[in-house]
Structure formats: C-alpha cells, structure tokens
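What follows is a pair of complexes built around subunit A, which joins subunit B in one and subunit C in the other.
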Partner chain A sequence: MSPLPTVVIVGAGPAGIAAARRLAEAGLRPMLLDREPAVGGQILRQQAPGIELPPLPGFDPAAGPRMRSDLEALRDRIDWYPSTTVIAIEGNRLWAIGPSGEIDSTGWDRLLVCTGAHDRLVPVPGWTLPGVVTLGAAQIALKTQGCAVGRRIAFVGTGPLLYLSAAQHVAAGCDVAVVADTSGVGDAAAAVAGLLGDRARLALGLRCLRILARAGVRRVRRVTALAVEGDDRVTGLVIHAGRRRTTFPCDAVAIGFGLVPQTQLLDLAGVELAPESRSGLWLPVLDAAGRTSMPGVYAAGDGATLAGAEAAGLMGERAALAVLEDLHLASDRDRAAWLDRELARHAGLARALARAFPFPTRLEESIDDATVICRCEGVTAGAVRSAVGEFDAGEVNRLKALTRCGMGRCQGRICGPVLARLVARASGRSLAEVGRLRAQAPVEPLPARTRRADAADATP
Partner chain B sequence: MTTRLEAEVCVVGGGLVGCATALHLAMRRVPCIVLERGLCGGQASGVNYGGVRRQGRTLAELPLADRARRLWGRLARLVDGDCEFRATGHLRLARDAAELAGLERWAAEARSFGVACEILGPDRLAERWPWLGPGLAGGSFCADDGQANPRLATPLFARAARRHGARIIEQRAVLAVERIPSGFHLQAAGGLEVRARILVNAAGAWGPGLAALLGERLPGEVIAPNMLVSEPLPYRIEPNLGMAGPGVYLRQIPSGSVIFGGGRGTADPETGRCRPLLATSLATLEEACRIVPDLARATIIRTWAGIEGRTPDDLPVIGASATVPGLFHAFGFSGHGFMLAPAVGAVLAELVLDGHSSTSLAGLAPSRFGVGRAGST
Partner chain C sequence: MADTDEAGERRVPAPRLVRLGRRSAARVAFTIDDEAAEGFEGDTLLTAILTNRSDLGAIGPDPRRRAGFCLMGICQDCWVRLADGRRVRACTTRLEPGMAVLLEAVEVHW
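Moving on, here comes the complex of A and B:
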C-alpha cells in the first residue's frame, strides 16, 4: 500500500474543522495546524475560564465546546497541531513555529488554506489614539474576557458586525454612545430583500436592531466623515451625516468596515489573486470547489471569499471533497452537488450583504493628507500622494519602497488596501493596475532566537 | 500598435547602473533611452543590503570604488534627494588569527589606493563596540565606508535622469536586438522599437542573455542574496558589519531596524522570480546572534531576495564589447555592485562619449573571459 498523501490544513476555524472531519472520514489523516491553543477560529472564540456572560445575540456559548468535542472525536484520526503558526511556504513545503517556540517544516501533497479574515479599517483623524479598537477586537474582549473596551463606547463603520458587536455590548450591559454607519437606508432595504433567503440571519439582524432601539441607542446612517477626538486618549467621536456634525462623548471607539481576507499564505504559495470589484480587495481566484490556480492548493472560508462562518464550514467541506476527487479517492458526488448549491445561495447572500453595507470608497479616497495611514511606520496619506506625483509611481510595492508604508510589523495588513486606493486615485489608475502589497515571509513575526526543531541534523 | 523611438544611446536595464549611466549621459545632453523590464530598481539594485564599502574589495575594483565613494559623498546634490547615505564606517570581523592576518594584508595593500583601515585586536574591539559577542580574533575598521538605502537610490537616480532629459521606460523587456548599419535596433515588450547608435548592457542578471542576442558569449550565473529585516531595536550598531570570511553581514538604521544578509535564496532568471529561503534566514540569524548577542531580542518581520548576475571571478564586466562595435557592458556585479553603481554610470558615460575613462578598469574588461563569439566553441 502506498503511504497516505499528506494533506495539510492551515486554520482550525469553521472551514478548517469541516475539512478535517471530511478528510478523516475518508480515511486520510490530515494535519490541522492552528495558531490558537483552542479550535474555532475567531468566530467561535470562547470565554476564558471563570468568565460569566449574559446571553448575547449571535453568540452561542455552546458552539465552541461543541466544536472542541467534535474535534476530540476525530482526535485519533487527524494530527492536530494547536498553537502552531505557519509563517512561510516554499514550494511544497511550509514552515511553522510550534508551541515550544521551535520552528519546523513539513512537506505536503495537498494544502488547504483556511486562514480567515481580519477587520478592515479606514484611517480617520484620531484613529491611532488609545481607546480606538476594531469591531472584532471589541467583540473578542467581550466574548473571551467579559471586558468592555471602555465605559462608553461609540460604534462606527459598516457591516453586520457593526450592529452585532454593538448589540452584544448593550446586552452585556455596556453604555453605547452611538452606532454610526457609513451606509444608507436604501442600502438597508437591499439587505432585507437579500436576506429573505436566510431567515436566521435576518432574524439576528432584526434582533440586534431591537436591542439597540430598546436601549435607546442613537443610530446615525449615511455617515460621510468622522474623526476621533482626544489628546492622549479618546474623548469623543465626531460624525458628519448630511449637513449635521455631531460629537458623541465617549472613551472608546470600536471601528470596522467589513473584513479583509488573510491571503498572505496563498500569495506565498504562488496562488493567483485578483481584485474583487465590489470590495476592491484581492481574493484568490477559485473554482466552485475551492481549487486555486496552483495545483494542490485549495482555499476555504473568509480567507478566500467573504461569505461568513456558515458558508466557511460548507466551503471547507467542499474543498475537502475536491481534495479527495483530485487524489482519485472516493468522494461524494451527491454531497458535493448539494454543497455547490448551498454555496451558490450563500454567495448570493454575501452579495446582498455587500450591497447593504457598501465599503465607503469615498471616505477612503478622501483621507486627509495629515492622517497617518501606516501606523507601524508613521506614514501619512499626504506622503503617499506626494510620492506618487514626485516619482510618477503607480504601483503599490514601489510606493512602499519610497514611503515605508506597509513595512512595519503588520506587513501592510491594515494599510495595504488603503495604500492601493490612494495610489489608484492619485495616479489615475485602477486597483488592478496599482496591484497589491506582495506577501513576504515570515507572515507572522519570527523571533531571531528561534531554533530549528531539527537543529541536530539541520543542513542550512 | 508599434511605437518607434530613436536615441543616441539605449541603455537596457533600469537598475542603479542603468539609471546612473542615463543620468551622466543626460547631464552631458546626450539623448538616451532606458528600457527596464519591470520597475526601475525592482531587482538587486533596489532590494540589496545597502552597503557602501570599499573595504574587502578585490583591488581591481578599488579605483572604481574610490570614485564611487567620492560620488556617494555628494549624491544628495547629484540626484537632488536623500539616499540616506551615512558614513558610519565598515567593520570587518575576523573569527581567527588567519582571518585577522588576511585583514591586515588587505589593509596594507589598499593603503596605496587611499583606503585607510584601522586594525583592532580582540580587546580593543570589545572596548570600542561592547555589544560585540565573544570569540572574535579582531577586526578592521574603515571609517569612511558606510551604508545607504537601496530602495531610494534607484528611483532617485531615475528621477534625476528624467529631469535631465533621459527617457526611462518601464515594463519594457527587450525581446530582440540586432546590429544595423546605424547602430542597433531593439524590439521591446508592448510593441516598442528603439534605434540607437550605442547600446549599453546594464541588464544585471539578464546581461549575458542580452549579449548572446548580439552573438557575444559572456559568462554569468544568477544569484539571489537572502535578506532579512527586524522590528526596531534601540539604536546601537553604528558601523556596517561584515565578516572577513564568508558569512553574515548586518547594519542598523537610526530608526532601529536591523538589516541582515547572508547566504542565498532561489532565483529563476526566466520568470524573474526569486525567493528568500527560510533555512538560509535561520542560519543567518544564528550567526548574527553569535556576533551581536543582543540581536537575540530582535524579531524578524520580513525576508526577501533580488535577482543578481554573478561572474566566474566575482568581478563585474565593465567596458566595450570585444566583438560588437558600439556595445558596452556593465553587469555581473556579483552581489556587490550597489556601492559601485554611481561611479559605473559616470565611467560608462565617459567610455561612450570620450572613448576612455579617467578611472582604471583594469581587470574588469569583458575581454578577460576571452573573445567569445556565440557558437564559436
């Protein structure tokens, strides 16, 4: 019997877990690598021991333990590596730092990348003040630690997470200063129409709105400009909507404009990425089953297409079936066909949500010259714009070289899409033409003292 | 759609050498076109380590390096911009007595070229740079050497050349070139055709390939130096550091980041793609932490490599073609061309316009590999 092919899954969120289960059921022994000590990804992060939470909308405290016990049942059929961060991919080999802090590499026959997404930001005046956090970070602090990021929190941005995060904070007894959305009421009508196909999500959305209304939380729509006030920390949020300018006193601001897929590993694997028209973000080019342009490399979940947690689980399973098909192992055609239909439905829902909460392109284009867009390196929007003009430069990696924008610790995760927009606008080029910041290893910081797990027989 | 352009000189390759050549030609009002396959400074010129040193070079390079060092001192005026050049000194470290003897020998020989080095034993080394690790046999310090920012240098040279009238065209890989009675006819990507009386081959890793298109055989392989950068640490390492033998080299910039080099990544000259290798990076870090133990606290946030041409004797090919009239070469800098490039541009402009240069190029001529006509062996 030939040895089992090595299938590596990176990321143990809904997509990675579903894929691992499907592959294990088929008799393979997938390796599941995850950066966190517990499975579930960001969406199923659980409260720390001893943290008691009141019921929160959209948060099922049993989901995480359920997923853990699911994984426990698979335990002897998969190789699970928690607290293991993949930092580089070189051809058919990946490098990861394990819980001991040692680095090791492994080859793979098939690679499924399920690395999820992080919050998308638009830099506004004051966004680097202490007290400003992303919507996702505020939510994680609440769900895992039972902590609020401030005594009075202003929520601003757009997307379902804006309302969910705000409503969860209200339900937990927090004081919410305002929920300010850059999208408009017309957009919301599109959301309701689009979500008619997903009763559960529609119901959750309406429940969040009810919670906010009952608590008397002020809601503002069609926000066109905003600024965070404060000297050494947040003291207020200034909102422009229509002709009105309103200041909401607060000591924390939770901000986010949707999500950005984490495509760094796919990029290192040589996968083709292309700008998606609505969000302007670069996503992997995939077939319906999650195959990328690189043979043997697959992607699923919010790191591949931004369709939410439920779709992520379906995508993970679908990609696992594709892996089985491509290995000429017994797959399940009926199940694949059903998943394809379900995924098409979810794609429709995702499009509806994207219409309902459009990314505020104009807000991003009109970032003030004095506003820092790369906080790691302290680069302002003005510095980027003037470098575009001065060097006749219209490619983001060139602008990175000239201005240091995107050179710091976050490797351009936060400022990358902003940089692309500013360069496109200033140079009169399209987002496709200005390109994207190329991923470079290590995709997570690598301590210089890191030792190789195979140090004894290392052949550098 | 075809665009046809004509110029006195066509430079192939918009790296630092090509852009510096264009600047010096343009300053003498010679119409010149630069064809760059990607973006100016996109390969070795833009992503190299950033060392500006004469110390440790083969003596044949020293006249050029000396001229380059003088140019670096006034580069800000020449290109009207800051390449972040700083004369921090360059410290070469010896692991054992034999290496230290080698440093002493080099220092004695280089003195006649005007390069002053100070030899230090282990005690003086530790006294002067207390952050150095134990176990070093000594070092040689060249106070006038230094470092600069390679990411800025090529774009600044390109901008200066444009301001003087040079035409620099990016995303135009040369697809074909032939000798015609009036000089050269080139076909480049995007339907661009260029005629020029003189052709300068500053194509770096692609240099031998361009020569071969004109029937001249020049040796060269492709290498990709492997580089790393850390998050900022308190600024302590002032000199540019290197080893007497092969090994790691590193420098710190005042904002705190430490830039490390050592070993090789992988490079594919066909696609122009190159990659750093993590195994190489880890070996570099291990050695760097031995030399400067404090670096164990560093955190690496980025690694990279850039495609570079290397010759059999590790020396660049600079001068008139031995077989094709009107063709001049300047490539194959073998991993240490960044510092030389500003002078190479000046020298090439002299060779092209005056027929000779005031700077000695002995030992660097293309003919040193024998007159190689493609297909003649």
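Moving on, here comes the complex of A and C:
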C-alpha cells in the first residue's frame, strides 16, 4: 500500500476548514496550518471569554465556537497546527514558525492556500495618527475584545464593511460621528439590484442602514477628499463632498476601501498572478475549481477571489474536490457541479458589490505629496513621484529599492497597491507594466532568537 | 505620552481603547514602563496596553507615535518590547500575568 499523499492547507478560515473536512471525509489526512491560536479566520474570530455585549447585526458570537467544535470532531482525522505561521515556500517544501518559536518544514504533494484578505487602504493626511485604524480593526476590537477604538468614532471609506462596522458600533452603544462613503447613490442602486439574488445579505445591509438612521448618524456620500486632524492623536475628520467641506470632531477614525487578498505565499510558490481590471489588484490566475498555474498548488477563499465568507467555504470545498480528482481519488462530480453553479452565483454578487462600492481610484491617484504612503518606513507620495522622474523608474520593485517604500516590517502589504498606482500614474505606464512587489521569504517578521527545530542542540 | 497643561500640571491623555459591555473575566496584573497596570484574561497585549495608555510610542524608523492599525497581524504597527528581552506583536500576543512592557525605554538591558 502506498502512503497517503500529503495535502497541506494554509489558513483555517471558512475556506481552509471546508477543504479539510472534505479531504478528511475522502480518507486523506490533511495538514491544516493556521497562524491564529483558534480556527475561524478573521471573519469568525472568537470573542474573549467573559464579555457581554448587546446583540450586533451580522455577528453571531456562537459561530466561532461552532466552527471550532466542527473541527474538533475532525481532530483525529486531520493534523491541525494552530499558532503556526508559514514564512517560506521553495519547490514542494514550506517552512513555518510554530508556537514554540522554532522553524520546522514539511514537504507536500498538494498545497491549498487559503490565506484570506485584509483591508485595502488609501493613505490620507493624518492616517498614521494614534486613533486611526482599519474598518476590520474596529470590528476586531469590538467583536473579540469588547472594546471601542475611541469615544467618538468616524467611519470612512467604502464597501459593505463600512456600514456593517458602523452599525455594529451603534448597536454596541458607541458614538458614531459620521459614516462617509466615497461611492455614490447611483452605485448603491447597483448594489440593491445585484443583491436581490441574496436576500440574507440584502436584509443585513438594510438592517444596518436602519440602525444608523434610527441613531441619527450623519451619512455623507461621494466623498472626494478627506484628512484626519490632530497633532499626536486624532481630533477630527475633514470630509470634502461636492463643494462642501465638513469637519467632524472625533477621537478615532475607522477607514477602509474594500479588501486586498494575501497572495504572498502563492507568489513564493511560483503561481502566476495577474492584475484584475476592476480593482487593479494582482490576483492568482485560477480555473473554476481553484487550480493555480503551478501543478499541485490550489487557492481558495478571499485570498484567491474576493467573494465573502460563504463563497470562501464553497471555494474551499471545490478546491478539495479538485485535489481529489487530480490525485485520481474518488471525488464527487455532482457536488462539484453544484458548487460550480453556486460559485458562479456568488461571483455575480461579488461583481455587483464591486460596482456598488467602486474603489476610489481618483482619491488614490491624487494623494498629496506630503502624505506618508509607507507607514513602516515613513516614505511620502512625493518621494515616490520624484524618484520615478529622477531615475526614470517605472517598476515597483525598483522604486522600493530607490525609496524604501514597501521595504519595511509589513513588506508592502498596506502600501503595495498604492505604490503601484502612484508609479503607474507618474510614469504613464499601466498597472500590468509597473508590476507588483515581489513577496520575499520570510513573509512575516521573525524574532532574532528564532531557531530551526532540528537545530535545538546547536549552540544558542 | 504625558502632556502638560497651562498650569504645568502633568496631564495624561485618555487611554485609546474603551471597554464596552459587562465583563466577568479575571483581572490580570502587568506593568507598563514599571508602572502597575491591569487587564483582563482574554485580552490581547494590545488591548491591555491601550486600555491603560493612549498609544505605543514610535514603532520603527518612522518617529511618529502609533497605537495599532490593523489589529490582525498584517501592518506590524504594534511591535513592543518586553523587559525579558522579547519583542512581540501586541495584537497577536495574549496578555500574560506579570508581563513587563517597555514603551518609552530607548535602551533595553537584559
């Protein structure tokens, strides 16, 4: 009897868990590596114990524990490694740092990357001030830690999360200064039309708007410029909409403009990425089942295609079926066909939401020269623009070397898309031509004391 | 950061994070720059620090003060030093009893 093929799944969010379940049911023993101590990914982050909050729209505190117990039921059929961060991939081997702080590696026959997404940002004046956080951060503070990021919070950006996060804060009893959206009313009509195919999400959206209206929260649409005020902490948010300029006093700002998939591991695995026309973001080139351009490497969830948590679970299961097919093991064609239909429907919904909350390209292109775009290294938009001119540089990795933009601790996760847009604009090139910041191993900062697991006996 | 008001009195800015709802978790004692501080079981280190302080001080090459940004381990804007020599990302680190956080310390000896 030949040994079971090694299937490694990175990320235990909705996609990774659905894939692990399907593979375990098929008799494989997948390895599930997750950065977090508890499963669920960002969307189902678990609440710290002993916190009692009022009910929040779109948040089921029991969903995280439920997913955990689902996974516990599979415990003896999968190898689950929590608190384990994959930092490097080379050929058919990956390296990860585990809870003990030691690096270990494993080979794989099949690799499924389900690393999810994080907030997309547009740098604005004052966005590095204490008190400015991402929309996702405000939600994490509220849902998992029972904390508000300030006493009076302004919500700004675009996307469903803008309204959801603001409404959740109102429901929790927080003071919301304003909800300011860069998209317009016409865009919203597209959202409603597109969401008619998904009653649950439409109902949640309307419920959020009702909560905001009942609390008398000011809403501004078609925001064309914004700035955070304050010297050593946030004191207000300035909003330009049409010819009106309004200052909203506040001590915190939650900001976000949709999501960015985390493609660093796919990049290290040698997977082909291509810029998507609508968002301008580099996404893995995939077939409908989640196969990448690299044989044996698959991707699912928001790290592959931005379509939300429910679709992520379906993508994870679909990719698992593709793994089984490709290993010539018993798959389930009927289920695969059903998943393909469901995923096509979800893709339609995702397109409608993207139309409803378009990324504010003009805001990004018109960032002030004085505004810091790279938070880690403190590099301004002006420094990038002048380097493009001075060195006739039109490729983002060259600009990184010239300016240090994207060279810091976060490795360009926050500033990468912004850098690309600024370079494209300043050099007259397309986003495809200016390229993307190449992922570099280790993809996360490592403490200097980090050692290899097999070097435990070596001199420290 | 301790500000000074017009009378020259030390005025400490309000903590960044505000706890909401009711809490039945056990209290956890730790220190920030040698001053006694208190958090709750289940807190991340970032929550514990920022319910006691207004920010984390400067984090890296950029001298501007920070107070966390993404809270999900992406932006790396919340690395802090502990007195035992460790540097940790506060948003993905659990608060442990007796942790000794050093925010303002420029030089760390261990």
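Here, the second predicted complex is superposed on the first by the 455 of 460 C-alpha atoms of A that agree within 3 Å, B and C clash if a C-alpha of one lies under 4 Å from a C-alpha of the other, contacts with A are read in each partner's own complex, and residues count from 1 in each chain.
The working rule: contacts are C-beta pairs under 8 Å (C-beta built on N, C-alpha and C of every residue); 3 or more make two chains touch, one makes a residue touch a chain.
Treat the numbers as computed from the prediction; the structure is a model and nothing was measured.
Chemist: Could you check whether subunit B and subunit C clash or fit when both are placed on subunit A?
Modeler: fit
Chemist: In the overlay, answer first, second, both or neither for which of subunit B and subunit C A:Gly197 touches.
Modeler: After superposition on chain A, A:Gly197 lies in contact with neither partner.
Chemist: With both complexes overlaid on chain A, does A:Glu90 touch subunit B (first), subunit C (second), both or neither?
Modeler: first
Chemist: Is A:Gly408 touching anything from subunit B or subunit C once the two structures are fitted on A? First, second, both or neither.
Modeler: both
Chemist: Just subunit B (first), just subunit C (second), both, or neither: which does A:Pro130 touch?
Modeler: second
Chemist: Quick one: subunit B or subunit C, who's touching more of subunit A?
Modeler: Between subunit B and subunit C, the winner on subunit A residue contacts is C.
Chemist: Now for A:Pro447: first (subunit B), second (subunit C), both, or neither, which partner does it touch?
Modeler: A:Pro447 contacts both subunit B and subunit C.
Chemist: I'd like to know which partner A:Pro99 touches here: subunit B for first, subunit C for second, both or neither.
Modeler: neither
Chemist: Touching A:Pro55, do we find subunit B (first), subunit C (second), both, or neither?
Modeler: neither
Chemist: Between subunit B and subunit C, once the two complexes are placed on the common chain, what is the minimum CA to CA distance in Å?
Modeler: 6
Chemist: Which positions of subunit A sit in both the subunit B and the subunit C interface?
Modeler: 408-409, 445, 447, 449
Chemist: Given the complex with subunit B, which residues does subunit A contribute to the contact?
Modeler: 87-88, 90, 95, 103, 105, 390-391, 393, 395, 398, 401-402, 407-409, 411, 440-442, 445-450, 452, 458-460
Chemist: Any idea which subunit C residues touch subunit A in the complex?
Modeler: Against subunit A, the touching part of subunit C is residues 1, 13-14, 16-26, 40-44, 47, 51, 54-56, 59-77, 79, 86-87, 89, 92, 94.
Chemist: So in the complex, which bits of subunit B are touching subunit A?
Modeler: So the residues of subunit B touching subunit A come out as 39, 41, 46, 151-152, 155, 158-159, 230-231, 263, 275-283, 285, 288-289, 295-304.
Chemist: Residue numbers of subunit A touching subunit C in their complex, please.
Modeler: Interface residues on subunit A, with respect to subunit C: 35-37, 42, 48-54, 118-119, 128-134, 136-137, 140-142, 145-151, 172-174, 232-233, 251-252, 262, 372, 375-378, 408-410, 413-414, 444-445, 447, 449.
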